[in-house]
Every structure is written in structure tokens, then in C-alpha cells.
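Can you read through this structure? Questions will come right after.
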Amino acid sequence: MIALLVAVPLAFGFATVALPKLSRYILPLVTLFNLVLLIGFIHPVQVLEIGKWPAAYGIVLVLDSVNYPFLIFVNLVLFALSISAMFEDKLGVLLLVLTAALNGLLLTGDFFNSFVFLEIIAVVAYVLASQNKNYYAAFKYLIFGSVSGVLYLIGVVSLYVYAGTLNMAYIGFIASPEYVQVAGIMILIALLVELKILPLGLWAPDVYSNGSTVTPVALGSAVTVAIFYLFSRIFFNVLEPVKPLPVYILSLISVLFAQLAAMRQKTLGRALAYASIAGASTVMAALSSGALGVEKIASAAYLYLLNEAISMFILFTIYGYLNHKGFKNDSVAGIAFSLASISLIGFPLTAGFWAKINLLAALFEAGDYILPAVLLAATVIEAGYLIKWNVDLWYIDNDSQDEEREKTYLPFGAQVVVLLFALTLVIIGFMPDLITMHTDKIASHIFDFKTYFDTILKGGM
Amino acid sequence: MSKLVEFFMNLELIDWIFYLVGGLMVVFSIFAVEAKRIFDSVLALSAVSLLSVLLFIVLKAPDVAITEAAVGSGLASAVMIFALFRMKAGEKK
Amino acid sequence: MRRIWAILISVVFLHFFIGTYFPTLPEFGNIDMYRRVSFDYISKSTTTSYQPVEYKKSKGLEDGSANVVTSIVVNYRSFDTLGEVTVLFAAALGVGILANIKKRRIEFEEHKVLSVATGMIFPLILVFGTYVFVHGHLTPGGGFPGGTVIALGFLLLMLAKNEFKVTDAAKHTEQVAGSGYVLVGLIGMAVVGVFLANFLPTGTIGNLFSAGVVPIVYTLIGFKVGAELSSLVSDMREGDKV
Amino acid sequence: MIYYIAFVLIGIGLYGIVSQKNLFKQLVSLTIIDTAVNIFIVALGYLHGAEAPVYSSVTPLANFVDPLPQALVLTAIVISVGTLAVAAMLLVHIHEEYGSVDAEEIRAAKEVIE
């Protein structure tokens, strides 16, 4: 059953290549189908051995309590994207492929398979990044992404050499830890490039600020979340964590640098791009913090990631439609924008507040005081520029251009999606337990290798 | 000096092939990176690719060799040269 | 300045790999096959107990292709290959999206010798490409090189005949072959119960009609790759079609 | 030995990517890296005295090199050519947009536009 999550989008993607007009309508249907399948029919724990080959030989797909919430979220984002965004017909086919690849990446229990899906995502991302004539940025992204892909491949193949299999669970069981460290470094660097931690993520600002309604949302909210899942799966669940300290320091520097850079940007798009980098770096810093293996920190980090992804979805979508035109004509967009900024900063009664408070509390409990300090400083800077941009956009004066006024509305679908997401942030703000329940579950399972290994060992249905 | 001679005496055939082909590949790839004209560097690239086909055959990987010959040195070079033509077409205007 | 940085980065990189990474690897040519899953791929005994396989004699194995690489690519790790096909699909689609350049197409001067020679060679290339992917389970080769050979044939045709264009038929071939692959997987799901499972008898190893779904899948891949790559090259050449 | 060849080639490719200002050269360097990695991976499966992993009338019984790295490399080759095609198309567009594929000239052209 769980293979359908990959097979159905892929089949429709292949089938609509000659009639791309249809893909625009098929994309929401397929993602909706995936969501219905996930919520209604398939529940964790499920293991599928593709082609009926036993786990160590073939490829296994695993659905457990860790990736189940991630799957729902990613499909939800893609569904929302298919309604809210504006794209040419052929991009619809590409987004179907992206859906299949993201689902595959989240489900797979095999290292080489994850490489293949990462590359599909990468190729789709390069094309998405070139939207709005942003070719130079897309090319830079391609160079960064391909080199990181090569590193990932070398890492994966060396894991095969050490353990004799490509299955994640078996590698975690067989391979000797000191060897795994070396392969782990390569995989880690590759993932850090995709997660846009700063010196390695220099491609990101130009790509994210291309002003399209698809690129930053698909890359920032869907792909980044999926890759964070892959990171946690590989380094918390399967392999021994690679010496986390350098990554921790790198992420801290990345947070501060990105926030400072965001403050100095002259366009909203680039500011948001840097804010998005800062968000991803914060999550990375929390996940790799010195007190590794503390479930509370991981749980708070996932909540932070969720808040980040939803807020960035709203902000980038509105930026894509309105550019710098202000909210005078479209107060719905304005309200959603302000709510998202507030949640991103972490005002009380929003999701961001709980994300930051939980993270701070967990870090203090674990005795880590550096990240809280950085986080607070980053929050002050972030609050500064986000409030400035909000004020600018609310009070901007564009009455002089009457012809333009008609165009500065969001389409109805986008308004609904953006407003619903903003409401979600507020609802989480009032009832954080709705989400923390799930993030706690993820965190308690992600450090539990034995359960994962037993699941794989027991095999198929 | 005698060590060097000994070293070369003890080489088997497969090692000779590696040294020869590998050395050529390194030379060609340096040329591909540093060549003044882009066209030359594409040609050097396809030479590197063809030499790697030789290595794949020595390494007992006929499938990879066939695929690399068709995809790596055939199609990839064609794609690059087409891209070059496109740019040239733009420059003339 | 840039060069110094580049040399520095390369040296650090090589230092890490040669100093830290190489000691973890087994000596070249001296690997331990028994510790690897490939050992069972070769003897085709991942689900059964070990039994040596003999060419043209062993029957009814779990996988019937004489070419072990093919059996891995299309049977044991078929899901990877589905992903691989998808990468190529996404790339061809991306080139199609990016092809809207307002520039005239690349024109070639027609050459008498070339066009006559192409007229003779082109069918041979097609036959050779088809041979490569139909015999993918017996001899080295398979869907990817076979498809590429066909695409290269079309490239030759483009060079020889200036008017030649890859039409929408390629897109339809791609559509049918791609969906066909997923469909084969879904039929496996319906018959055996698992996605991409083999649902045909595997026959005697080494015969043309053996190996279950492998030849079918490789033929589909061959058509798909051929169509995709020819339309990719054509897209690069034609520019703005509208 | 062959490991060293492969990694020297990767090093050259990396050097090319960082040192060259011409984007086309960067793409060429990237392709060199891909080829080198493929050689390295196939070498990881080599076994002295073993045959190519195909059952045939010459080799009816199994004495084969490791076929799995070869299968992985098949996938990697196809993936790299897909990336290459997208990159080549992007380069054509960059040339269209800025009139050059040189990183510094593009930066200059960008500043003029802004």
C-alpha cells in the first residue's frame, strides 16, 4: 500500500507529459489522494519490501511514527502549494515528480535509494530555481548541489563497502563506528549544502529571492523539511552521530550571520531568504547541540521547524504575489503576513512562541547556554527587520498607480490557503499540545535504533 | 634509483594499464580545465570519458563501459557542443 | 588569488581522502565477497539456500537474467531504476521548459556524403540499439545504453538532414513507456502483492525468453530513454517552438 | 593505485570548479568529477582474477567481480547526464541574458541591470 504514495504521483507525472495542461488539475487531486491515503488507510508501522526481496538485498520502504507526521506535512504543503501558487503548465508535471520524490525520500530505508531521490529532487529544484529568469543563481545551485551529490554518493558507497549492504538498518547494525564516522562526514557535508547552512549554502539567497510563488515555497517548506527528516534518520537513528561540535559551531555562526545579512537587505525577498537560512540553521544547531540525544531538544527543534516552514510558506507566497506593492488593496494577505511574521519572531499566543520557549527550556535543562544566547540575539534582530518590513508594507503609498491596483490582489485560492495557514499558527499558539504530542513521539522514536531495526528485521506484511 | 627500477619491474599488466591510462586521463583533464578555448576543453572531456571506458573494461565492468561510451562520451559531448553552438549563434547577431 | 584558494581547497580535500578515508577501504582487488550482499545476487539465492548457478542449465531461479548487473538494476533494485528513469524524465522536461529561447535554431549545412551514409547507417543504428536493450538480460548493455544509441541515431539524422525534427510522437512514446513501467510494478502488486515484484516465470538462465519481467522492463526503459534523449537533443537545437 | 587516480581526478575537477571563472569550464570540471567517482566506485568492486559478472558460454560458473557497484554506477552515469543537460541549457540562457558565461562579466552585467 505505501508504495502507492510514490507510484501514483509518478504514474500521473509520466502520463501527463504530453498533455501538461491536465497536470495543473491532477496535482491537487494526487496530493489530496496521498493525504487521504495517509490519514485514512495506512498507519504506522508498515514495512514494504519492494519486489519481495528480503530487507538486506532489496529496497525497503518503512512507515513508522517518525516519518508519518513528516509525510502528512510534506503532502499538505504540496497540496496547499498546488492551490496557492501560480505556475506554467509544464511545471505541474515537475511538481508531480517532486511529490513522488519527496514521498520516496521520506519512506525509503535504503541509502542508495535516498541518493536517487535526492538527485530527483535536486534536478527538479534546479529547474524550479531558474523560474523568473534566475538562471545564474540556478546554475550556482546546480554546481553546489552536484558536488554535494557526489560526496553523498561516495559516502553511501563506502558504507556499502564497510557493511556489505545498502539497507540503513543493517548498516547501522553491522558497520563499525569508527569507519562510519568517515563516511558520515561526507554525507553530512552533502546534507548541510542542501540545508543551506551558510558557508555551504551560499547558493540559497539568490535562489530563494527569485520572486516566484513556487520556488522558495517548494524548496524551503517541503524539501528542507524532508531533508531534516533524512538528517535525523541517518545521524540519530541509524549511524552514530558524527562529532557534532563543528556542525554546532557552524550552525551558530550561520544563524548570526544570516540574521545580520537579512537586516541589511534592501529587498524583502532577499531578507526573507536570509531569514529562511537562519531558521534552518537554528534547527540544525538545536539538533546538533552538545547535549545530543536529549529528546526534549529534538522535539522542540521539530516544532521550530514546523513553525518555520509554515510561516515561510505564507511570507514567500505573499511576497511572490505582491512583491513590494503593500497591503492596501488586500488586507487578507496583510493579516496573514503579519501573523506569520509575528509567529516567526515568537510573540506569545503563536506557534513560534511555543517553539522558542520549548527550545530554550530544553536547552537550559540540558545545560547548553550558548545556543539560547544566540537564539535570543537572533530573535531581536529578526524582530527588528520583520517589523520594519511589516510597517513599510502596510503604510506604503501606491495610490498613484491606479492601473496596478487591480493586479495586487492575491488569487482567491492563495488567500484561503494563506489565511488557513496563518490560523493554524494561531491555533497552535493556543493549543500547542496538538503538535507537541506528535513531535514528542518523533523525538522518542528517532533515538531508538532497536525498534527500527526490529521493524525491518520482521520484514514485510 | 634501483628502487624505482624494481618498482617498475614488479608491475603487472593491469598496473601498467592503470598508470598509462590514468596518466593520460590526468593530463587530459588538466588540459580540459585549463584550455583557452572552450571547444578544446569539451574535446578533452570526451577524451577523458573515452579513456575511462578503457578503465571500465579493464575493471571487468562491460555494462558500465557500454553505458559510459554511449551516454558519457557520446551524448554528453553532443549536448555540450549543442550548447556551445547556441552561444555562438547568439554572438553573431 | 582564486587559483591559490582552489589549490588550497583541493589539497585539503585530497589530504582528507588520502589520509583519513583510504585507510578505511579494503585493498584494491582484494575484497571480501562473502561479506557482501552481491554474493547472493550472483548465486541468485537471496530467498533460497545457496546453490551454484550454471549457464543454460539452472532453471526456475528467483531471477533469471544471465547478466547479474541487469538482474540487480531491473529486479533486485528496480525501485532505484524507476527513480533513475525519473531523473532523466525530470531533466528532459526541464530542458523542455528551459528551451523557450528566442533564438533561431542551429542550422547545419547538408552534406551529400553524410546524408547518403546516414540513410544507410540509421536503420542499422536503430537495430543495434534495439538489440542492446532486448538482450539486456543476456549480454552487457540494457535499456539505458540501448536508448541512448537510438537517440544518437536521431542525432545523426539531425546532422544529416537539416529539416528533421523530433515530433510529438516522442512525447507520446515517453508517456506510454513511462506509465508502462509503473503499470508493470502495479501489476506485480496485484498479482504477487508487492510493488515491482516479478510475476512471470523466470525460465532457463541464458535463454532469450527468460528472466520474467526483466526484458519487458528493459524494453520499456529503452523506448523511454530513446524518446526522452532524442527530444532533449531536439529541444536544445530547436529553441522557441511556438 | 586506481583509487589515487580517481581522487587526483576529483581533485583536478574541484580545482577547476573553484579556480575557473568561466561557467562552462566549471561544468566541464563537474563532469570530470562525475567520471572519476564512477571509476572509483567500480574499482571498489574489483576482485583480482575474477570475471565480468555475466553468465555466458565462456563463464558458465560464477567467479565474478562485485556487480552491485556497477549497477550503482549505471544509475550515477544517467543521473549525471541528466544534470549536465539541465546545466547546459541554463548556460545557454545565462549567455542569452548577460552576453557572457564569465562569472565576473556576469556580475558586472548584473550591476548594470540593477
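Labels A, B, C and D are assigned to the chains in the order they are written; within every chain, residues are numbered from 1.
In this text, contacts are C-beta pairs under 8 Å (C-beta built on N, C-alpha and C of every residue); 3 or more make two chains touch, one makes a residue touch a chain.
Since the structure is predicted, the reported quantities are computational estimates derived from the model, not experimental observations.
Participant: Any idea whether A-C or A-D has more C-beta pairs in contact?
Facilitator: More C-beta contacts join the chains of A-C.
Participant: Counting in whole Å, what is the centre-to-centre distance of subunit A and subunit B, each centre being its mean C-alpha position?
Facilitator: Once rounded, the distance between the two centres reads 39 Å.
Participant: What whole-number Å value describes the gap between the mean CA coordinates of subunit A and subunit C?
Facilitator: Roughly 31 Å, centre to centre.
Participant: Calculate how many whole Å lie between the centre of subunit A and the centre of subunit D, each centre taken as the average of the chain's C-alpha atoms.
Facilitator: The separation of the two C-alpha centroids amounts to 28 Å.
Participant: Can you give the whole-Å distance between the Cα centres of subunit B and subunit D?
Facilitator: Once rounded, the distance between the two centres reads 11 Å.
Participant: Please output the residue numbers of subunit C that touch at least 2 other chains, ranges allowed.
Facilitator: 25, 31, 36-37, 41, 67, 69, 77, 80, 83-84, 87, 90-91, 94, 98, 101, 103, 140, 142, 144, 232, 236
Participant: Enumerate the residues of subunit B that touch no fewer than two other chains.
Facilitator: Expected reply: 62-63, 67, 71, 75, 79, 82-83, 86, 90.
Participant: Would you pick out the residues of subunit D that each touch at least 2 other chains?
Facilitator: As it turns out, subunit D has residues touching two or more other chains at 1-2, 8, 10, 12, 14-17, 19, 27, 43-46, 52-54, 68, 70, 74-75, 77-83, 85-86, 88-93, 96.
Participant: So which chains actually touch one another? I want all the pairs, not just one.
Facilitator: Touching chain pairs, listed by label, come out as A-C, A-D, B-C, B-D, C-D.
Participant: Could you please specify the touching residues of subunit B with respect to subunit D in the complex?
Facilitator: Per the stated touch rule, the residues are 15, 18-19, 22, 25-26, 29-30, 32-33, 38, 41-42, 45, 48-49, 52, 55-56, 59-64, 67-68, 71-72, 75-76, 79-80, 82-84, 86-87, 90.
Participant: Under the touch definition given earlier, write down the residues of subunit D that touch subunit B in their complex.
Facilitator: 1-2, 5, 8-9, 12-13, 15-16, 19-20, 22, 24-25, 27-29, 31-32, 35, 38-39, 42-43, 45-46, 50-54, 65, 70, 73-74, 77-78, 80-81, 84-85, 88-89, 91-92, 95-96, 99, 101
Participant: With touch defined as at the start, can you tell me which subunit C residues reach subunit D in the complex?
Facilitator: Spelled out, the residues of subunit C in touch with subunit D are 2-3, 5-7, 9-11, 13-14, 17-18, 22, 25, 28-31, 33, 36-38, 41-43, 52-57, 66-69, 72-73, 77, 80-81, 83-84, 87-88, 90-92, 94-95, 98-99, 101, 103, 138-140, 142, 144, 205-206, 232, 236.
Participant: Considering the complex alone, what residue numbers of subunit C touch subunit B?
Facilitator: It comes out as residues 67, 69-70, 101, 103-104, 106, 132, 140-142, 144-145, 148-149, 151-152, 155, 229, 232-233, 236-237, 239.
Participant: Spell out the residues on subunit D that touch subunit A in their complex, using ranges where they run on.
Facilitator: Per the touch definition, subunit D meets subunit A at residues 10, 14, 17, 23, 26-27, 30, 33-34, 37, 40-41, 44, 68-69, 72, 75-76, 79-80, 82-83, 86-87, 90-91, 93-94, 97-98, 106, 110.
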